[in-house]
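Below you'll find the structures, each written out as structure tokens.
Shared between the two complexes below is chain A, which has chain B as its partner in the first and chain C in the second.
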Partner chain A sequence: MSTDQQRESGLIITPEGLAFAGHQLSRASLDACIKCTICETQCPVAAVTPLFSGPKFVGPQAERFRNGESVDHSLDYCSSCGTCTLVCPEGVQIAELNSQARAVMKAKKMPLRDRLIGQTTLMGKVMTPVAPIAQAALNNKPIRVAMEAMLGVHRDAPMPPPQSQSFEAWFRKRPRPTEPAPRGAVVFFHGCAGGYFEVETSKQSVEVLEHLGFEVLVPKQGCCGLAQQSNGLFGGATKSVLKLCDDLRSAGTDLTIISASGSCTGMLKHEAHEIMGVDDERLRDVGTRIRDIMEFLLDLHEAGELPTDFAQTELTVPYHAPCQLKSQGMGKPALEVLKLIPGLTVIDSNQACCGIAGTYGLKKEKYEVAQAVGQPLFDMVKATNSELALCDTETCRWQIEKSSGVRTEHPIWMIHHAYGLS
Partner chain B sequence: MSRVVVIGAGLAGLVAANRLADTGCDVVLLHQGLGGLQSGQGTIDIFGYNPGRVTNPIKAVAAETRRRVPAGSLSHPYKALGVKAVRVGVEYLKQVLPELLVGSVESNYQLPTAVGAIRPTCLAQPSMVAGDVAADLELAIVGFEQLKDFNPELVAQNLNRTELAGGGRVNARHLLLEFRARQGPLGSPREGELDSSALSYARAFDDRRYRVLFAKTLAPKLAQGETVGLPAVLGLQDPNAWADLAELLGHAVFEIPLPPPSVPGIRLNQALTARALSLGVRTVPGVRVLGFAVEAGRVVSVRTQPGVATRDYRGAAFVLATGGFEAGGLAMDSYGSITETLFELPLVGLQNQSLQADYWGDQPLFNCGLQVDAQLRPIGASGEPVYANLHAVGGILAGSSGWRDKSGDGVAVASAVAAADAIAKELA
Partner chain C sequence: MRRLTVDVVVIGGGSTGAGVIRDVAMRGYRAVLVERADLGQGTTGRFHGLLHSGGRYVVSDPESARECAAENAILTRIQAGAIESTGGYFVTCPGDDPGFAEQFLAGAKASGVQAREVGVAEALRNEPRLNPGILRAIEVADGAVDGWQLVWGAANSAREYGAEILTYHQVTKIETANGQVRAVHCRDLKGDQDVQINCDFVLNCAGAWAGQIATMAGAHPVEVVAGRGIMIAMNHRLTNRVLNRLVYPTDGDILVPAHTVSIIGTTDVLAHDPDDLEIPSAEVQQLLDAGEVLIPGFRDTRALHAWAGVRPLIKDDRVGAADTRHMSRGMAVIDHTLRDDLEGMLTIGGGKLTTYRLMAEHIVDKMCRKRGETRPCRTAEEEVPKAGAGHSHRVTDRLAAREADRADDQLVCECELVSRKMFVDALVAQPQASFDDLRRQLRLGMGPCQGGFCTLRATGIAVSEGNLDAERATELLRLFLANRWIGLWPILHGQQVRQAALDSWIFQGTLDVEHLPNPEVAVTR
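After this line comes the complex of A and B, so read on.
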């Protein structure tokens, strides 16, 4: 690998193989593999295509033959959904091993597309000022066909909905809340999607937190680097995540940090450390203090501190817990919180994955696989409620909405509504 | 509503969670990965060997409860549980999984295995019971070229040379078919492979069009009156796939369980998990419980650490269903010292802890574990419970090696239901 490639990938490769803390941790776990095949049975990608030979074969088995270099290129078809690690009864870090190995495999020849789709903040900054034009372009068939040919982004893949106002602009320009905040301050982390595309979710999160009596601080903040990480760009992702830690810490070093971006929260809680081996006090600090917003509400409820004066809501809605939320080891907090709304029936999709897995399902060569992965979920959503579904992360919502035709909102939308805030 | 925390999602943990939820408890189920069910056969063993082949399992359980145990030896968990708990547990499981389990505690099925041996088991899936061996049964054992885990010739030959317990033999022949699991168009991401897993076949058999195509291929090769033995891949989500195939073929059909991934095991795991979810059990997968807190002799919370931060789960009662050595509930370090890995509970049966050289011989090490009181609470040397609200169920109990006498499922189910009922009574 050239110095440039090494810098971009952020990988440390010695003649003995990969040499960074995250990889050593993951690799140490592979001896615990008892070949029970549980990961193989739960992998949503291997279920729909033989192009991916399954997490056990590509993970703990192939890993023994890797010496920095990859021995099995079907690895590229792993979507990094993390289901394998979640279901492993022996604690093997299967998904982490595979993400690391993919980064090595791609380091020598990183497609331009994979570099670009990792730039999530940049996409938002470019699209927000010209939202109507961006929207029209993304809905325009010839433009999408050209995008597919030039960039390898599938013409039918779901795209972020451009907004004319960023969350930050809204937050800055809105009238200051006049009510006192008896419960003190919390920090809100909006993420790139929550900053530029899913602006409503961020607004509703802030309004719910303020309704509950918190003062919400929103420090200027960048990207967590997740999209770069999942595309194997560890160098850039590490820089981004540490910069973000500095941003979030600038608002106060002992405040709870709350986010409605399920996957970005996972990056800060464990992925940056476990996959990329980032070992930094700032990351540990933020990782300890950050909570998914539904997790935070459930904690309040368990402590007897969540008002449950929710409006009667006679409705049955499907709920899908995203992979990167499930891998945070807290179950499905949204299900528990939504149970508190009288009249509301929430049906858990109980499906592994919607298929998109961040940027996986956008790629021309993966699109069909991603659609097949999500098909049982799309069918379940349509059969449960043809007008509304709930899901905690942005790209998953875009995927479900595009492929099922059912409007898909963050669970906070329901809470916001049930508190009478909308 | 009282909160009960169940740790472990094998057969014992899932049954305990379901039973507790039925009694109105607010259940949290914490588990590291999926439990062992889908590594098993998808059947429920109560008693298979004692040490001879058992035909009436509940009679064998009763004999075990009467057996006098020499001082210093461990008694079988059935002795403490009693016959009634086994009956109640098995009836409960049949009642919650009516589509998946049939059979009676009074009688074992004798079912062919994937190497053509004959295995005693108490409850089986309806898709398996046509394989209950009887003299002069005419069998066609059918395999797929692309499924390496099932060799029909081996199965047929071994069955033919086996003298049945009641005398006589079956008459088996084999067929090996070239029939791909995935039949997607050439060049598409769903095009088939040369080496498929049982699961790929099972997913294919969920689709009626695939069953029709398969029946068309197989039916002309079958002889009048033959019962068809197939690897256990006849559908994953559709519980009637096997019956539909039998109808399409015009022959009785039975499934033979395979090494992992076990499709019948996945069916049991899915059904028990889905039922728990539908009853509102809060499941938290992917976490290992690492610590706990005690106040006044009671466990008040257990701790997980899914990332950098820790997360505690409080409860009024706790169920330890973490299994034995194979599941990580018990561990032996390099000095040979054995521990219960979460609460460091006192263990019994540590005297004969070295492994015996005879692979097929007795291995007393695997009988070590926890001793419990009538409410399934682990006890110390004094006979008093270690913690007033901590209960233990399943493979972590001392006194048996489920894989040897085929009592593991029975102990799991009976202890899980008994513990759940004791907790429900206590918290009522």
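After this line comes the complex of A and C, so read on.
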């Protein structure tokens, strides 16, 4: 590998392997594998395609045959959903091993597409000023066919919905809240999708927090680097995540950081450290202060500090907990909080994955796999409520909405309604 | 009774015997090799997998060092399929004398062993798990060698030159007349028949058992001093290079990345019976401690299996009989003509796996001289069959092979990535093989689960291929598991206990294998 390639991937690859502490830890964890096969039975990808050899094979088994080289290219069919690590009763970092092996493989040959779709902030910045045109382009069949041919982004894959105003612009221009904030300040982390595409979710989150009596600070902030990480670009992702930590810390020390971007929160809480081996005080600080917004509301409730004057809402909705939310090891806080809304019945999808896994399901060669992974979920959603579904992360919502035809919102949408803020 | 007539009978199917049968066959002799068990079942299969650069001996035994360096280069060329050129480091660990490095470098220069001091930072960058407290590091050309691939490679080469390899043939008698070897009598243990092999020369390559063989021919006792050493395989490669402590040779000073595992070796204790080798827990603890010196956290990594091997050292009056570590590792050929008035037999002892080809050359040269013939040795020039196109086997090779065929083939051993085709092909080549015989060639059952998942698959496939009836299948399954347990008991701690518990529930809790019907005669091979 050339020095340039190394710089881009952010990996130090000696003939002996990945030279960073995160990999040493993941590799050491393979010793705990007893081949029980639980990960294989739960892997949503292996269940639908023989193209992927399964988490036990690619993780603890194949890792014993790697010396810094990834010769098993089919490992790229892993969607990085993290289900394997979550279900492993022995504590093997299966998904982490796979992501690291993929980064090594791609360090040698990185497709242009994978480089581009990691640039989530750039996509938002480019599309927002020209939202109607971008929207039209993303819905235009010939353009999508051309994108598929040139970039390898599948013509039918869900695309982010361009918005004409970014969250940041809204936050800056809106009238300042006049109510006092008796509960003090919190920091809001919106993420790229929440900044440019899922602007409504971010607005609603801020409004709910302010309704609860918090002052919401929104420092200028960049990308967490997750999309780059999942595409094996560890160098760029590390730079992004540390820059973001600086951004979020600039709003004040010791403040709780709240986010409605479930997957980006996971990146800050554990993935940047466990997958990429980022070992930095700034990341540790942010990682321990950050809360998923539904997790935060549940914490308030458990402390007896969440008003439950929710409006009666006679509705049955399906709820899908995203993989990257589950892998944060906090259960499914949205389910607990939504239970407080009188009349509302929330049905847990109990499905492993919607298939999209960030950028996985966009890719030409993975689209069909991702659709097959998500099919049981799409069926469940349609059968439960043909008009509304709930899910915590952006790309999963786009996937569910596109593939099931059912409008899909963040759980905060429901809270926002039930507090009478909508 | 089966009768054969050849020029030379080679006794012993370890590396020495395999090297010798190849050499005699290539020199045009009609030859047979007899081995009481499987090839490489003795010392050859019970070492740490190190292909010496010679570095280990540059101070203590320069002649061995020189031979190792030369043979390392030759074997890497002619038996590439058995070797991974990993490179190695000699490192001064905290508390070791940093000055020894000077003696080492001087010795290396004098004996022609490649050695280059590298910076500590470079060594740590290349081997992140290496003890960060090391004081010096010297790079050498160590490698990893698969002893079984090595002997089978040599044996297959010998077959191409017309030699016959008779495994599971136990020598019962060496017939002599008028002070001349006439025949070797064997029992074919699997075919259940007697075999008489008429010959006029016997090359005794029985290693630690060479004394017993010499006695069968009526020779005076050959004193082979058996130095027992134990080794432990850890679950995955902790380093990709061989690590050696930069000290005068001592116990637990070598860590070898052999295939998928790291092997720590070894101890050295006088053994009285090469067929009864214990693995004392004190020595296991000693090796784990030694590993901790090279790799901090070594004790927390998973130990898979332990084994004991026995060095066949020829007694040397210069050192005490109990001090086997410091006996010459050099080879010795015993000529029975003068010593025992016996024509037609040579015994070889000592040496090491790395120099097995050279040992063969020496003893066969000597035989040619005694026979008054000039037949030059060619084993260093010609590659063994299937050595591959000049590259050595690498740890990634099997993963790449399964990547290519996994969609079309079943995986039998998940840990060591043995496919059904690999297993069936080996079974066809050795229809009477036990699963341990196949294991030695395929690494079946040698990974983390130690046969927990592959044994059932292998047994089922062998039955469905028509190789076994149900009764023998049951017995072979139990024998394989029992043999795995020999190496599990001594190291059963930490994470391997969880595995053993799961395996035990599978075989005893669920399948109740110990209560399957027993045959009238127990199957032992």
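Heads up, the rule we're going with is that the second predicted complex is superposed on the first by the 422 of 422 C-alpha atoms of A that agree within 3 Å, B and C clash if a C-alpha of one lies under 4 Å from a C-alpha of the other, contacts with A are read in each partner's own complex, and residues count from 1 in each chain.
The rule is simple: a contact is a pair of C-beta atoms (placed from the backbone, for glycine too) under 8 Å apart; a residue touches a chain by one contact, two chains touch by 3 or more.
Keep in mind that what you see is a predicted model, and the values were worked out from it rather than measured.
**Q** Does the superposition put A:90 against chain B (first), chain C (second), both, or neither?
**A** both
**Q** Of the partners chain B and chain C, which touch A:350 in the superposed model: first, second, both, neither?
**A** After superposition on chain A, A:350 lies in contact with chain B alone.
**Q** Contacts for A:328 in the overlay, against chain B (first) and chain C (second): which applies, first, second, both or neither?
**A** First partner only.
**Q** Between chain B (first) and chain C (second), which, if any, makes contact with A:36: first, second, both or neither?
**A** A:36: touches chain B and chain C.
**Q** Is A:372 in contact with chain B, with chain C, with both, or with neither (first, second, both, neither)?
**A** In the superposed model, A:372 contacts chain B only, not chain C.
**Q** Classify the contacts of A:61 with the two partner chains as first (chain B alone), second (chain C alone), both, or neither.
**A** second
**Q** Does the superposition put A:50 against chain B (first), chain C (second), both, or neither?
**A** After superposition on chain A, A:50 lies in contact with both partners, chain B and chain C.
**Q** Just which bits of chain A does chain B share with chain C as contact spots?
**A** Correct list for chain A: 35-36, 50, 90.
**Q** Quick check: in the complex, which residue numbers of chain B touch chain A?
**A** 28, 32-36, 38-39, 182, 188-193, 196-197, 199-200, 203, 260-261, 266, 274, 277, 280, 282-288, 304, 306-309, 311, 314, 327-328
**Q** Please name which positions on chain A make contact with chain C in the complex.
**A** Per the touch definition, chain A meets chain C at residues 12, 14-17, 19, 21, 24, 27-28, 30-36, 50, 53, 56-57, 60-69, 71-74, 90.
**Q** For the complex, give me every residue of chain C touching chain A.
**A** 125-129, 235-237, 239-241, 260, 297, 301-302, 394-396, 398-400, 402-403, 406-407, 411, 414-415, 417, 447-449, 452-453, 495, 498-499, 502
**Q** What part of chain A is in contact with chain B in the complex they form?
**A** 35-38, 40-42, 47-51, 54, 85-91, 269-270, 273, 283-284, 287-289, 302, 326-332, 335-336, 339, 348, 350, 368-369, 372
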